[in-house]
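Order of writing sets the chain letters: A, B and C. Residues in each chain are counted from 1.
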Amino acid sequence: MLINAINLVAGYGGEPVLRGVNFAIDSGDIGVIVGPNGAGKTTALKSIFGLIRLSKGSVQLEGEDITNVPPDRRVRLGIGYVTQERNVFPSLTVRENLEMGAFIRKDKFSPVIDNMFELFPPLAQKADDVAGQLSGGQRQMVAIARALMVSPRLLLLDEPTVGLSPAFVSEIVDRILTIARSGVGVLIVEQNAKRALEIADIGFVLASGKNLFTDSGKNLLNDPEVAKSFLGG
Amino acid sequence: MNFRRYQREYLFFASVGVAVVLIVLNFGDAYALRMLAEAACYAILALGLTIQWGYAGLFNAGGMGFVAIGGYITMLIAFPVNHDFWGSEGAAALGEFLLEMLVVVAVVIGITQIHRIGIRGKLKVILILIALVIAFFVFNNQLVPVARLIERESGFIGGLGLPVMLGWIAGGLAAAFVAYWIGKACLGLRADYLAIATLGIAEIIKAILKNADWLTRGTLTVSPLPWPVPTPNDIGFVAARAAYLALTAILVAVLFVLLQRAYRAPWGRMMRAIRDDEVAAAAMGKDINLRRLQMFVLGSGLIGFGGAVLISFSRIFDPSGFTPLKHTFLVWVMVLVGGAANNLGAIFGAVAVYIIWLMGEPIMLFLFENVRLYGSLWFDWQAPDDLMARALQARVFFIGLTITLALRFVPNGLIPERIGRIN
Amino acid sequence: MNELIFFINKVLISGSIIGSIYALGAIGVTLVFGILRFANFSHADLMTSGAYLSFVFAALLPGLGPVIGLPTGFVVLPLSILFLAAFAVTIDVMFYRPLRKRNVRPVMLLVASLGVTLMLHGVIRLFAGTSPRTFFAEQNKDVFRIDVPFETTTRDLIISEPQVLLIITTIICIVSLHQFLTRTRLGKAMRAMSDNSELALVSGINTDKVVQATWVIAGTLAAIAGTLLALDVVLKPDLSFNLLLPIFAAAIVGGIGRPYGAIAGGLLVGFSETLAVFNWSVLLRPFAEYFPEWVEIPSRLNFVPTEYKIIVPFVILIAVLIWRPTGIFRGQVI
């Protein structure tokens, strides 16, 4: 397993939001976390990245326990994280945003930047524009590219397509598939469960901080119970 | 009252009591009474700041300004009438000046309404700005000759000869009025902006009081300020100070009871909710800025009132005597050490810190006398002549140190907020 | 023409001098505000400390200035920069970092900075006393008088050596800061963290290092501004407490976290002050004959009497807070 999160219990003080959830995905797989509002999807992602202290449970990256490793160290270990909002540096140029993603790299990273421009061609033309002036979809590309700059083993994406126009959605989804094909494990939190499960190698359905169903995306889509509970029929 | 539960409070107040007894024995009644009366005045200031900082999380760095306003207004209301002035041409000139200013204000207000005749947007803003600049120019340059005339003929305009208590209340109201405008401008923004603005307004108020000789006699100072109780000239230091202390102690007690009730009332609960979780409070439909404005105005009013009581006690109105150290930061230390959101803590902090502050003087002098002595004995060190003055100035170091240490080690003060007590 | 020269001396030169000081101070304030999210009330006392450090070094190495041909206080500047930068970082470690680690509200850091400023106040007064001191006890302050080649002028343009040094140093500082912020990794990381500190952490930026760099820059600029101000005017303990409000006003006008805005803000506040206290009668008097007879030009005609100069930055500050709290350069903190 690339990442193995076992029995996570976490919250923001008071009642825990996560009440013992499990995730596990392999390299090159796309895992999708879906579920109703307040199910703890974003919290789950944050706790895998170490932004929230776990009160119970453990996180392992390729068998190595990283439960107590702070987030900036997890970046060095190869986890990239894209938050849902405010995920670019608005007053930095696109190129500078990518450089910030590579802050921890000691080697020459300009080829990596070129790779990113290949992966997201629209960014190449905007390389020297300030990120704050880009459209929502382009910003999302910058954010994902920034997280990819460390060549992570695992990429965590929090609602990468929220608020984007359909054209951008399919472009982003396309890129995510490309990224996974290159061997990176991708764990996505999605509001739009149906579309997300279509590309999921493995889907995790959460409700009130617990795993409700875990199965391949296709099986979940076809499972009448999943459909009944929240895919809207 | 449950002793165990309030052990902390009893312990701290008992140690203050011991300190007071020691001071009475060492320095005499008159000194101790002066100290306690001043500490009681500071307790009012600390209560005002507690409302702002402890209840509402507002940072007021301009305590000195509100103290100065309170002090000045009290002087204006209570100081005996200066008959020289009222009989002089200066009074007429001042009246004329005030009338002119009324016209200027009317014109400016008229210009702020020009959107009624169709001038809007940028143009309106620019016109208003130009009008304000011209108005200020006129104000400034018309005032100078009037001020000169008054200063030459009769010194300053004097007071109104009204009761002192009226002056205190007016002082509080004036401070609240100034706070209202400052709050209006800054309360929607981060706490830092309020801090900066209050710091600025305090310096401006001081500059005005210091330089407007026709109003305040400036550096010449005004004394003796009247007291609401018999003064030392009538009944001697001990009795007069005891009377003043009794009066201020009653004031503190009344304010304490009122604030305690407000704190436990729904209004207080709401204020704490806003302080602790602004977003949630806003989501519950509270108008946060309005509430904050209330707290800021109320707190500043109390500071103005306390300042009035404090300045009256000193019997001298000296604009240069207002310093950020004594009238802003000392109060901060009192509140931070005492316990930010606790009225009892604020009162304890005020008395305890004031005692330490006063005792710091002889202690510092003693310490540095020894430094000088042993420095010259052992190292043949020639101390600078102003070493003692420097030693007193250096007390500010300890004020600063106390603030940083309190933040780090007793972030909730020695007598912390007791949430449990309200439910 | 004499009047015009008077205007240039009193407004253009004075304005750029004080404006440069404000700009240097405001850059330090705005960077700290942008990165650490609090208004650093101790910045002005940091400047004063820098000036006193230079004074001490100048006293220790009195021969240095004459050898190079510049004021000794200026020559020892690198030393004071080194010390003050290290000092600023130390203060952070001792007083601010423990609070940050506890995740307190940023306004608590502001309160701590008040504590720090009072401590600096006390230390300076204890060791240096309150009497003013001059850097030019043993060295002469060079003053350049530039004769203006018009027949009608008798006045000279006057600018002193420290003032020239101040303007040159300010320009050097601004250019190198620009290079640092746009060319180096650490500089870009500073801008990134000022933009969005959580994202900086998530990106793997070493935020502790960025914070340190911020204090080093703040200390450096404070040492420069404090020393040059003391060289130009005089060295006294409350030298810079009066600067606090104008510096904050400049930083806010420019937009918090915007160093270039701080420069513009500093100059704006500086020039507004000098224009406001300038005696406009001087410029009007030559035209007295063109006015109708009943108009009498008073001997003093200014917007604000010099004693009330502090009103100017305050009014600018309030105006900006009311109309455009993000500042003219759209800073990110409101």
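Criterion: a residue touches a chain if its C-beta (ideal position, glycine included) is under 8 Å from a C-beta of that chain, and two chains touch if they have at least 3 such contacts.
Computed from a prediction, not measured in an experiment: that's the story for all the values here.
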item	value
Central subunit by CA centre of mass proxy	C
Remotest chain, chain B as reference, centres from CA atoms	A
Chain A-chain C separation of Cα centroids, rounded to whole Å	45
Rounded Å distance between chain A and chain B, as computed from the means of their C-alpha atoms	54
Whole-Å separation of chain centres (CA-atom averages), chain B against chain C	29
Partner chain A, residues of chain C touching it in the complex	185, 188-189, 191-192, 194-196, 198-207, 332
Contacting residues of chain C [partner chain B, same complex]	33, 38-39, 41, 95, 98-99, 102, 104-108, 110-112, 114-123, 125-126, 129-131, 242, 244-245, 248-249, 252, 298, 300-305, 307-308, 310-311, 313-314, 317-318, 321-323, 325, 333-334
In the complex with chain C, residue positions of chain B that touch it	57, 59, 61, 125, 133, 136-137, 140-141, 144, 185-186, 188-193, 195-197, 199-201, 203-204, 207-208, 210-211, 325, 329, 332, 336, 384, 386, 389-391, 393-404, 407-408, 411
Touching residues (chain side chain A, partner chain C) in the complex	49, 51, 71-72, 75-76, 81, 83, 86-92, 96-97, 99-101, 103-104, 146-147, 150
